[in-house]
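In what follows, subunit A forms one complex with subunit B and a second complex with subunit C.
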Partner chain A sequence: MMPLQSLAAAAPTPDGYLLVLAIILPATAIVALVGLGGRGAAGIVLATLAAQLIIAIRVLSLVWQSGAPVVYVIGGWDPPLGIALRADGISAVMMLTSAVIFSAAAAFAWKDYRPPRWSPETRGSLVFWSALLAMASALNTLFTSADLFNLYVALELLTFAAIPVVSLKGSAETLRAALRYLIFAVFGSMLYLLGIVLLYGAYGTLDVSSLAELIRPNAATLVAAALVTVGLLAKTALFPFHLWLPPAHAGAPAAGSAVLSALVVKGSLFLLMRLWFDTFPSLRDPAAMQILAALGAAAVIVGSVMAIRQARLKLLVAYSTVAQIGYMFFVFTLVPVLPGESWIAASAWTGGWLQIVSHAFAKAAMFLAAGLVAEALGHDRIRDLAGLGKQLPLIVLTFAMSGISLMGLPPSGGFSAKFMLLVAATAEGHWLWATVIIGGGLLAGIYIFGVLARMLAAMPDGTAVAEIGRGRQLITFALAGVALLLGFLPLEPMALLQIGRMP
Partner chain B sequence: MTEQVFDAALALLVMGVGAWSMMAGRITSAVIIFIVYGLLLSLVWVRIAAIDVALTEAAIGSGATGMLLIAAAYKTGRESGARETVSGSLHVIAVLLASSVALGLASLAFVLPGEPVSLAGDVLRSLPDSGLGNPVAGVLFVYRSFDTLLEKIVLLVALLGVWSLGSDRDWGGIPGLKPFAQKHSVLVLLARTLPPIGLTYAIYMTWVGADVPGGAFQGGTVLAAMWVLVMLAGVRQIPRLSSPALRAAIVAGPVVFLAIGFLGFVSPGQFLAYPQGFAKPLIVAMEIALTLSIGVILGLLSAGPSNGKDAR
Partner chain C sequence: MSGPLLFWLAGSALIGLGVYGITVNRHPLRKLLALNLLGSGVFLLFGVIARRGAAAGLGGDPVPQALVITGIVVAFSATAIAIALLSQLQSKAGRTSLDDEPPDEEDRS
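Showing the complex of A and B:
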């Protein structure tokens, strides 16, 4: 029997209860929605989303001010017996990103899925709002939990919430996409579970911080790390596991697509980064990390080329997600194995997280814009988008703004992210990855400008454009605006993202 | 000696039945053999003293999964005409895939370094404080009750996922499970005689779960099995999915669980912590409510989305 580790890392902080609320309030809201059969649903959803936003802002400011993580020990049982929640810099940033995007997506979806106030619920409203709240709860768990099994439960909750959103329209096509997503996601869950079973068998703990101290590069650990990684890659849709993503993300209703592409794939990615940088840093064999970077590079190229070849706007945007996920994997090789005080490593780390956050805002905006385009025209065939620039200029502007960030043109969050990754890649002599980072931007330029050129072309006669309300256009525009404003952050490593990292 | 002979025979039987299910010609036969396989496997769990796992294997791995597979085999067989048999190449692929998974899993047992480590000792050491006797219940409702709570939300969301497969118009109606209504059939007889016994057994399982193997999930599964039997035989009408009473049964477990969780904030001061001396009664209350909800949710998961007959 191995002696239990003393866990100074898990000393609870006074405001730690906020982390429990961030997970449990949306869960409670789902129970209320189902139990009350739609009565008071609007109030429940609004109150929960508002609380999410307030909690996320509060946690971020606490982490920022104290320079230390916010910690809560559930039920008073210290790990490894119990479960601890811990929000460090990256958790707090992701909690806020997700709270803002959930609120925007909810506001956007209000028109189509407006919860009935005191009348019985409808299929669309109950499933959509429950799934949205379940995703919020699951993501907050993924961002803060310090226990590998608890994280597994969060992955399951995220998957089972995301799948009904994919098939919400109920057509045969979306059902097929949802089934494919389910198969990939369950395959990923099984591999992850198998991996953590092995880790528990080898070290007798599931606590992330005590594992970091115990871990040794033996056969069991390496097999476990490989299983967990492949499982999470399947859920993150990194090439070659991306096949499920385009039909799933393109088939969901616009607000659902926005959340799936902006946040849900980031949940498993967050966990992957948490594990490789905080839990198994000692296992980070440079060659293995190069494999992840190579898959990322393949994703950038394959995703972009496929996006260029698409005839439908929503599929183009979905393939663009496949490509943009690829960039996030350069971080694995650009942050060197030995965490020194190197400016380059810190710059790659910041670049990677900036890519995750700015992609979240840009992609949410782009999917919502694509949804409005489809609603206005009754289709989303790229060939027939002509005249939109005149009819719905704000939507075209929004599409262009989010495109600027995805391409990596200044000033935008996407530019800063890719620039910092590029600086790190060239400084460390990774010329191949530097070329892919630049080349990916050019390929993104081709598919973004291709769409914009069609949108700005002269209006053919007889095109009917449905009226689109100003509110939803402004929400979409605001999200794209955030993606651009992120470009005004100073181009240097952010201290916030380093708070509470386990070296 | 007899024990070793029994174990060896059991191991051979499990492998033989496993191989048989892969080689079966008809899909429905393969599924039925798979159910037998699951039951044998639960005997294996009993032999290695993992009674809670054995109960779950029998109920979920064999029972619930078997029922879903039979339904799937029946539906796909009906839709693709008479093609209910499996082709030869599919047998080969199944054997290769299953063998490689088995070998892969078995080889993992050899990569583990040194003697096994676990938290079992600490679990037992801290157990008396909670008043529980079953260490598995201790893990589920004391140390890691947060996981258990989130899993109940997963179950609820999964149910919504199944419901969402129905159409907008049918929402809230009666599930599309076809009653197998033949008067004077054996099924009807069973559906009239078994439930009282099953109900008693489910209550027993839940009640003893605090001290010996059993608990809300196992009790709930027995409850679900009885209800599915009644639904299939058409002895009682399946309720509408919008019915307030049904909704109350679905959320009873999570509501009690959450309420006790929040009570922890008040006393003794942490979410999901139990006030001094009240751990056992609160856990038993939680388990009773959860048994009801799990039974109803599992039954409804089997019944499927509403099919339009008699909607709202």
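Showing the complex of A and C:
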């Protein structure tokens, strides 16, 4: 085993316990939920998600003020033997994004999954709330772990929590979607684990920061990096591994779809970014990074074209996720390998993260809006959406607002993100990727405006529209509003996202 | 042939068989079995790494052994979930194929 000298990155900070709380609180809440039954769910879920929000805000402000990551070393055992939790700028941003979207999804699902006081509890509601909290806990583990094996466990927890949400309806269609998702995900994690074992064999440590210093571009490391990457791509549903995503995300109940599409696919993407930029930066061969960008470009085009061809609204929104994930892979090639023009690197980096965060909000809003549409009309066939603009104007407005961000029209988070990626692509002469970024926006315009045109058409006679409560409409509207407000952030690289980066 | 090398080759063979099985078989149960084969191969490699990385005088490096236990638990849970989904699917649809059924207007929600 090789000696490990510099472990300064793992020095614990005073408020590190917050990271432990972010992981352990939802996990404890699940145990309480099972113990007390679904009827105690209301209070437990509410308290846990409120605590999540407070912790996320506190961690973000700590990272922001100190300009350094928040670190906790579990049990006082220093890495490489022990495991460190570490929240840098990107972790803090993702923790807050996830806490806000989980709270919104829980508030949205309140009506459907709150067990009435005097009626027998249903198993569906207990499963839903447990899975929601489990996903929150797994995502926080994923965002803060600094150990590759711990990250593997977090990935698996996330998958196992997401599967029941996909199959909650229990129809043959959703069971099939869940099974396909599970097979892709477990195949991906086996490849990831194989990569991990090779890395451990070569370097004797799985600590992210120790590995970053030790890593050398030899054959074993390259094979390990390739295995880990392919495994994570299968979980992220990047083209050509995207086949499992649309049925899985479209089949879940609306609040579940929102969380799956907004956050759960980002979990493995987050890990991929962390690995390539923090652990393997010395392995970043430009040609290999171009492959990732090419797959991303293919995802943008294939996902958008498939979205245009869908007849059902929820499937359209799910295919749009396939397309939007593609954009995030341009970051791998746009952040230059050699430290040269630093503003280009910073612009691409910020653009990529802004795309992740604004897509999370826009897609959560869009899935919730699609859920409300399906509930109001009793179906989600796009050709029969006429008249919605008159009956449920707020939902149509919400759909349009989240669509603006997905298309990348100003002012919206999606616009700022795509603009920064575009600036980096043109500055580096990646004209092909620049064309795809613009073309993807046009294709998104086709499917979004196609839906809006149907929604705003005149109402045919004899259409019954069910009553939809104001509360859920406002939650959905607020999420779409955040996606647009992100566009008012200054159009410049953000220092927060650079805090605690390894190189 | 030394012990670790033999296990290394056996693990690699299992991994190859597993990947082949997942890619070629259409039936989910077969895919699941292939996944477990792949998993066993990976776990075997953990053992090899533990043996190779052992310091002088020790039988093995304990860290990969600790990791492999977690890995086995995870693979077991994944298999259990998949079996549960499969048996649900069997009772709902009467068959366990992953291919989509011919479009059925009533089934759409």
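Simple rule for what comes next: the second predicted complex is superposed on the first by the 488 of 503 C-alpha atoms of A that agree within 3 Å, B and C clash if a C-alpha of one lies under 4 Å from a C-alpha of the other, contacts with A are read in each partner's own complex, and residues count from 1 in each chain.
Note that in this section a residue touches a chain if its C-beta (ideal position, glycine included) is under 8 Å from a C-beta of that chain, and two chains touch if they have at least 3 such contacts.
Treat the numbers as computed from the prediction; the structure is a model and nothing was measured.
Student: Put the two structures on top of each other at subunit A: do subunit B and subunit C fit, or clash?
Tutor: Clash: subunit B and subunit C overlap once superposed on subunit A.
Student: Name the contact category of A:190: first (subunit B only), second (subunit C only), both, or neither.
Tutor: The second partner, subunit C, only.
Student: Give one of first, second, both or neither to describe whether A:327 is in contact with subunit B, with subunit C, with both, or with none.
Tutor: Touch status of A:327: no partner.
Student: In the overlaid three-chain picture, which partner chain does A:170 touch, first (subunit B) or second (subunit C), both, or neither?
Tutor: both
Student: Return first, second, both or neither, reflecting whether A:379 touches subunit B, subunit C, both chains, or no partner chain.
Tutor: second
Student: Which of the two, subunit B or subunit C, is in touch with more residues of subunit A?
Tutor: Of subunit B and subunit C, more residues of subunit A lie in contact with B.
Student: Should A:200 be classified as contacting the first partner (subunit B), the second (subunit C), both, or neither?
Tutor: A:200: touches subunit B and subunit C.
Student: Looking at the overlay, does A:127 come into contact with subunit B only (first), subunit C only (second), both, or neither?
Tutor: The first partner, subunit B, only.
Student: Per the contact definition in the header, classify A:81: touching subunit B only (first), subunit C only (second), both, or neither.
Tutor: Both partners, subunit B and subunit C.
Student: A:149 in the overlay: touching subunit B, subunit C, both, or neither? Say first, second, both or neither.
Tutor: both
Student: Tell me which partner A:108 touches in the superposition: subunit B (first), subunit C (second), both or neither.
Tutor: Touch status of A:108: no partner.
Student: Taking the options 2-10, 20-28, 74-82 or 92-100, which segment of subunit B carries the C-alpha atoms that clash with subunit C in the overlay?
Tutor: That would be 92-100, the one stretch with clashes.
Student: So subunit A touches subunit B in one structure and subunit C in the other; where do those two contact lists coincide?
Tutor: Common to the two interfaces on subunit A: residues 1, 81, 149, 153, 156, 160, 163, 167, 170, 175, 194, 198, 200-201, 204.
Student: What residues of subunit A sit close enough to touch subunit B in their complex?
Tutor: Against subunit B, the touching part of subunit A is residues 1-2, 4, 17, 20, 23-24, 27-28, 30-31, 34-37, 72-77, 80-83, 120-124, 126-127, 130-131, 134, 137, 141, 149-150, 153-154, 156-157, 160-161, 163-164, 167-168, 170, 175, 194, 198, 200-205, 216, 218-220, 223.
Student: List the residues on subunit A that touch subunit C in their complex, please.
Tutor: 1, 81, 149, 152-153, 156, 159-160, 163, 167, 169-173, 175-176, 178-180, 182-183, 186-187, 189-190, 193-194, 197-198, 200-201, 204, 312, 374, 379
Student: Residue numbers of subunit C touching subunit A in their complex, please.
Tutor: Going by the criterion above, the answer is residues 15, 18, 22, 28, 31-32, 35, 38-39, 42, 45-46, 48-49, 52-53, 55, 61, 63-64, 67, 70-71, 74-75, 77-78, 81-82, 85-86, 88-89, 92-93, 98, 100-101, 107-109.
Student: Can you check the complex and tell me which residues of subunit B touch subunit A?
Tutor: 105, 108, 111-113, 116-119, 121-123, 126, 142-147, 149-151, 153-154, 156-158, 160-161, 163-168, 171-172, 242, 244, 247-248, 250-251, 254-255, 258, 261, 264-265, 268-274, 312
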